[in-house]
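Paired with subunit B in one complex and with subunit C in the other, subunit A is shared by the two complexes that follow.
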Partner chain A sequence: MNSSEPKQQWLIRLQSFWQTFSKNRIGLVGLAMLALLILMAIFAPLIAPYTSSSSAEFQVGDIYNPPSASHWFGTDDAGQDIFSNFVFGARISLIVGFFAAFISIIIGGVLGLVAGFLGGRWENLLMRFTDTMLVIPDLPLMVVIIALTKPSLLNIIFVIGLLGWTTTARVVRSQTLAVKSRKFVLRARAVGAGNAHIISRHILPLVMPILVVQAVLVVSLAILNESALSFLGLGDPTVLSWGQMLNYAFGRGAMSIGAWWALFFPGFGIVWVVLGLTLLGQGLEQVLNPRLDTHHLMPGRPTVRKDRVEAQTKFTKETVLEVQNLSINYINEGKPPARAVENVSFTLNAGELIGLVGESGCGKTTLMLSLLRLLPSAGQIVDGRVFFNGEDLTTISDEELNKIRWKEISIVFQGAMNALNPVRTVGDQIAEAITRHMPDFPKDKIQARVIELLDLVGIAADHREHFPHQYSGGMRQRAMIAMALACNPQVIIADEPTTALDVMIQAQILELLDSLRKKLGLAIIFVTHDLGVVAEICDKVLVMYGGVTAEYAEVDTIYNEPRHPYTQELIKAFPDLTKPKKKLTSIPGYPPRLDNLPVGCRFAPRCPAVFARCQTEQPILHNLGNSHIASCHLVEASK
Partner chain B sequence: MSKDAFLEVNGLKKYFDATGRPGLFSRDTRHVHAVDGVDFTLRHSEVLALVGESGCGKSTLALLLMGLEKPTAGTIHFEGRDITHISEHERKDVRRKIQMIFQDPYESLNPTQSIEEIVNEPLMVHGLGADKKERDERVKKAMEDSGLKPADVYLNRFPHELSGGQRQRVVIAAALVLEPEILLADEPVSMLDVSIRAEIINLLAELRISRQIAVIFITHDLGSVGFFADRVAVMYLGRIVEIGTMLDVLEKPRHPYTKALISVIPVPNPRLRHERIILQGETPNPIDLPTGCRFHPRCPVAIATCKASDPPFVILSKTHKAACLLLVK
Partner chain C sequence: MNRTRALLKKIAWSAFTVLFVIILNFFLFRILPGDPARAGIRDPRLKKEAVEMLRVRFGLDKPVINCFESLNPIKVGSCAVNPLDTQFFIYTRNLFQGELGISYHTNRPVADILAERLWNTVLLIGAGQILSIIIGVVFGIFAAWKARTSVDYSAVIASLLVWSLPTFWLAILLLFWGSNNGLPLAGKSTPGSSSLPLIQQWVDIARHMLLPTLTYTIVYMGEYTLIMRSSLMDVLSEDYILTAKAKGLSTFQILKDHALKNAMLPLVTVIAINLGFTVAGAIQIEAVFSWPGLGGAIVEALGRRDFPVLQGAFLLIAVTVIFANLLADLTYSYLDPRVKVD
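Then we have the complex of A and B:
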């Protein structure tokens, strides 16, 4: 059997879990609080100065003595040492808590898993049962059941356990439903796996983290319930739990005597364990549920370094946007900064369409966001200028930049479904784009403007009353374009606007963008990884690789006289239907990680024409005339 | 059943209930005609491309072939045997021989499993491999055949540590480990960068030669299958409208829909920019099918009779047929 290997896997996973968890302060505090209590319960006979026994008649001190050196927590109504009772009481509370929670978790887990996995009639039946159980108030029901049966510790554990599973069932069911619909479950079915296999190998591992968090919370609930029952006098009279201690103190005049210690210390124990468990649960949730994790790329105010080289401006009238030697770093705590974009320049004239091409992670999104200073807070413009109509966007104030964002330069994002609000009509959302950026826009003309914008992008006016889910993928992308056009911008940045679309819809969107730039004189930056699309509509192309310009030229030059090996390889990798028999060449390897760039040319590890110099020296941008730029040592040699 | 066909699909239909939960007395149940009468055959180690826009039923067809959905009508024969309605128990052997590759390599791998567990899982499910040593060897061979070389580097990694292209290779390895005879690839490259697409397609092309695997390649992008497919079937609204060899379809398309699809495929050369036939609107919803030819509302060359009569297949050559009234002589 191969039992040794999975165990090692478990160990690795446990280690990696601990690595993350040990950085979570809330969880650690909770764990420490709980660990302290558990140790106290285990070593109770060693810690407690007196052997505790609620039934024993022996007295160790006077009745209701305040805390003193000999009795740290004072004495109770029977003259017993409260500290000793407190230490032993922890045992009872924890035993009830853990065993009752165990029962609840098993019942709730199985019901939730079965309901979520089977679905249909079973799910309906089980979940209606769960809902019914959920609306019955737990405590009164427990009181009734305990009152009718013998209040022994075992009974209490079972009653609390049997009534405390409802939330677990619901949580587990919803997680099971979510996991069940994921593609890897379908893939396992396609492989031939049966239900038992799918549950144990695919559903359970993904439900488990949530179940662990839930278990911690159920334990604290069970401890609270036991305390409440004992306090009400329904606890097991043969053992002394914290609730029982409170019950005795309360019932035997501790309040009237002013013996606060008889109530405070058991109460403190309950608060301590519940707080500890809650913190632990919260910590576990943060670690196990990655969606709650805060990303290091949180939006914030990116910085612009002031000590940059002076700009040299040489605009012509029709230049709308000119990017000069732009470099962007991501600050990495404790590590050298990631050089996400380095020394990139391009110009964009009115009515021009430039293609920004590169693989994922080549810096194209960073470059695009930096134009409007929308970088996450770790991003820093370390060099270069962005001129918009002669104004340097890297130096102007936020207020001034706000006059340009969306009004002069707007963005069409990829994934139109996520960018639209699902509960508002598309017309409303376009109207909002108008009013938010142009508060002075006459109110009575907004509807007419919305209709005009929709007409521009080819959506019939009556569709403005529809919600995004009633739109197809292509129409949503059109609506996004209408929104970007709301304030008559001069420049539109289109970030992979056709990536998720079918070829026919892609063709429709390309046709639309092409007609808009002709009709409105728009300048468009088209960000894409798809060379075919670029060839269809762009005037100029900027090919980026690993954050630097590989090649920049007119579109015809890029396709027919590419000089950079990366451009050449990219074109060969693209299927060309005019040569259907030709085998595609692929570029072996992967783009470099921005935090681990090669010393020399960034493309050297994948380049088919690599030679010694490429490994040590980063090529400069060579101007080949006619605004054709390529950064390759081979170009210099042949110049 | 034709002689050299080893997968044969006849009159396959799948209707989904579109009424939600019908009331006790409602009579007119509405249907989504996801797959509405599909016939084709697949030969040994042949690559068949199934092309169409979203909503044309190509993904439902894949699920039907995998036995993950039950067809409403029609039959599927595999190696001469009717597998349309066999029990899950009987299907197990078929499942080993027909494996599927999914579109999204990010979603189709379980994030909690290591690469070794993922690739080993199919062996476990089918109880294959005499001992651990043999299973390890098969896992490693499948991974290296899928381009994850050397396999040892990847065995203990998890999906999130791999790039998109590597993940798709893991999915392919998990299919290969069973030594299947048919690979059903549903948009296997559409989520990947262009430079990586070529790698995955080349890999499939190699496997087909080295392992004699037949491939059904489902895609919306005719361009991506060009050199690799032997035959191409174009689907529209649940039906195949044109089928032929790759050169038949790409160089002499006869159905107006195929012509439009081919015209919009981007050509990576600005000198070859050409007139594109851009169909307006999108595939109509498959609940209320158009009368007559189901393509006529979007067809740029439709004539009056297209509204009325459903076109039959017109045999254009030994290998090529298309369903269009304009081709009927």
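Then we have the complex of A and C:
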């Protein structure tokens, strides 16, 4: 029973692998091409119209006869049938490819595993050796060795195999390193498992997939190398490989006679098998090591509503940004769209600071990115409008939007570690924003402006010539704020600017934003999951849960009369200095997954006040007057 | 100061690799059978004096290295011999004096034969590398930028296809095509062209270079396309590209000012690592087009069993590749401000 259990698991893994692989078109085509060739090699005596290439008597025709009914691929310089030789030649290519690759994979795999697993001096030594071998050009070395020994098939296999392991060793080593520090390996070591056990049971299974992909690549390289060696005249004279067929044809006048068939078909065979292996390798790589093939420059999905309207509400002078019933979906092919944000509205006045609060995964960042249409390519604005000074940002052209981005609305991104370009100086990146949006700004004054901006956030002038990696986390965040201020925008979106920073620096940055708002009259949207921060600096609060508005009100209302159970629970979860004896509670459970939202109220599964209606009916937004909004059935009941 | 130390470390490493190649090259030709110099000495027709003369001429009368009289067959000798009087030392000393031995075939010094040929190979690889890198980078940019569109898919499939072509076979196909289009098919220049004016000589060489360079470019551009594509895809999904987009920069500006340099950096390393492999392509191309480079020298030496030339060509190729590798390595650490010098 014990032995059958892991075997079944192994089978299940193989089945799930095949399920994904069978959807990969590139991999399947490669596999089919390879399978066809392997079948041809196995059944060569049945397929070839003339018998084995060594007994020439049955296949002699005229030399260099063009393709005909009796000789599909024509005849060669000895009058032999090229099609028959082609069919048998597949055997040589595959034998050399697979056996040589086998040697390379064993050597490279063992060296990589040992180096990665042992680490320290051994790793250093082995990798230095690998790097040395990697630099030495392999084909000339193969040529020298085979020229000095006998050019037999066995020698060729060994030479290609013994020189082809370097990349495998590197790949396996880095995978071993990555696997070695995983929890279950450390745990196995902690309970006293031996090295052999750890390698065979814990590391090898995770290195194996990469080794398989690598093996496919090594086979194709070995086949290419064999053909090149044979073409250079170093092939085994007793067997006729594709490379050797080309060597004979090229060396014996096929070119001058114009016998293209003698030169074309053997090469076509090599291309077929190598391309098959390459496609198979690509397919395996995509299945075993899937990468998200998306990036920030891919065109976003167009807003569903195309009509442009002027703001319906009369814009008072102080309203800068008005978001109306905004809904955003993430489109997954073959699946229903994930409703990331639904029907969210808020208003931002000049000089106002609004807090956007909620746990991770509640759609806060999605909402902020959508304001400037910066959503990833799967994201789509399906409903609602974003009015900035009366203009609808969801429908204006990209060019118009590019004039508003950063000039009028700038963003301080979460975790500024990667938000700055690592190969350009910080000062240069700030200056770029100025030259982009203020072409009239005097060139000689740009540096002074950069220094002024950095000074504003407390960074010394000489740091402007430094690269982001030379900054501390807090400095990078402040530099980001300086960059956001560069064009005197009306609105700054600060997306969790203080996460991952220590408390002192958090306080500094909050203070900085608050003082800038007062000094420059900025409107700020502050995204956070920290209610303490909100209480300190915000005017209004928008609490989001599962992509919808839970509650929206003035900050005092939120703290003193929260109506939504989620807001109430959030407040309970944060310490209050005025009531030091208050017991802190946390909300059990997690926010809902966007692709699996509950039918009724999204908070129902975690709500302490849940009742029957919450399970089936999604609450609407209830206006409680004085611009206090909450979406809860209880609010309606008490109204 | 740290930077200098890192620099010296890299140079020292390359020097060590060169030393490794020299030692490898020496022992390969001593351990493996097949060197006609030694095979010839075993010829039963030779008189004793003639054998002795040959041994002296090729330096085979000296012990291979301390403790070993010869390595094939293994014959243990005295360890007390003067190390300066061993084949290994003489070989190394000659190397440092720029001597690579005498060709069996032409009796000319190998170094002289190979010197001019090295430049022809460098010319071919240089032109081919530059072209394939430019084309690969451009295709890679388009493929990554237009990711998951038909532009991207065609670029990837085409790259995989050219990657799968055996270099010599593509060379043959192009040679066929060239022979029907009146292009020169062999060598570096038309015989007798040296009497022409300089401009016409250059045009002549360029015409001869066309097909070899084209072969080289096609074979290697696929790989560079794929690498550039995946590198740029990585960069374009970084947070700082989102920042650049939020800054209102146009797609062109983002690619030019924020993505390209970052994406090209890994390419420099790949180009360096690749050099060792691309030499393989050059050898095949030179064999097909009779290009008078090191690869051509290897092919000719193979046919004539001219082992000193073979040995010298291998050494020269290896050392050139190691040197180019060092150069690429240094370029990288110069280009990337993040490379911490420690």
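Keep this in mind: the second predicted complex is superposed on the first by the 489 of 639 C-alpha atoms of A that agree within 3 Å, B and C clash if a C-alpha of one lies under 4 Å from a C-alpha of the other, contacts with A are read in each partner's own complex, and residues count from 1 in each chain.
The criterion applied here is as follows: a residue touches a chain if its C-beta (ideal position, glycine included) is under 8 Å from a C-beta of that chain, and two chains touch if they have at least 3 such contacts.
Everything numeric here is computed off the predicted structure, so don't read it as measured data.
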{"item": "Which superposed partner A:Ser200 touches (first subunit B, second subunit C, both, neither)", "value": "neither"}
{"item": "Subunit B versus subunit C as contact partner of A:Ser627, first or second or both or neither", "value": "neither"}
{"item": "Partner chain in contact with A:Gly233 - subunit B first, subunit C second, else both or neither", "value": "second"}
{"item": "Contacts of A:Ser515 with subunit B and subunit C, given as first, second, both or neither", "value": "neither"}
{"item": "Partner chain in contact with A:Thr435 - subunit B first, subunit C second, else both or neither", "value": "neither"}
{"item": "Which superposed partner A:Asn124 touches (first subunit B, second subunit C, both, neither)", "value": "neither"}
{"item": "Touched partner set for A:Val533, first subunit B, second subunit C, both or neither", "value": "first"}
{"item": "Residues of subunit A that lie at the interface with subunit B and also at the interface with subunit C", "value": "none"}
{"item": "Touching residues (chain side subunit C, partner subunit A) in the complex", "value": "16-17, 20-21, 24, 28-29, 32-35, 144-145, 147-148, 160-161, 163-169, 172-173, 175-176, 179, 233, 236-251, 253-255, 257-259, 261-262, 265, 273, 275-277, 279-280, 283-284, 287-288, 298-299, 302-303, 305, 307, 310-311, 313-314, 317-318, 321-322, 325, 336-338"}
{"item": "Interfacial residue positions of subunit A with respect to subunit C in the complex", "value": "132, 134-141, 143-145, 147-150, 220, 224-225, 227-228, 231-234, 243, 246, 250, 255, 260, 263-264, 267, 270-271, 274-275, 278-279, 282, 291-298, 372, 374, 401-407, 410-411, 413, 415, 417-424, 432-433, 436-437, 467, 469"}
{"item": "Subunit A-touching residues of subunit B, taken from the complex the two chains share", "value": "53-54, 66, 68, 88, 91-92, 95-96, 99-100, 102, 104, 107-114, 117, 121-122, 124-126, 132, 156, 163-165, 171, 174, 178, 193-199, 201-202, 205, 220-227, 246-247, 250-251, 260-262, 264-273, 276, 278-280, 282"}
{"item": "Sites on subunit A touched by subunit B in the complex", "value": "1-2, 9, 12, 182-184, 186-194, 197, 201-202, 205-206, 359-360, 472-474, 502-508, 511, 529-533, 535-536, 538, 555-556, 559-560, 569-571, 573-578, 580-588, 590"}
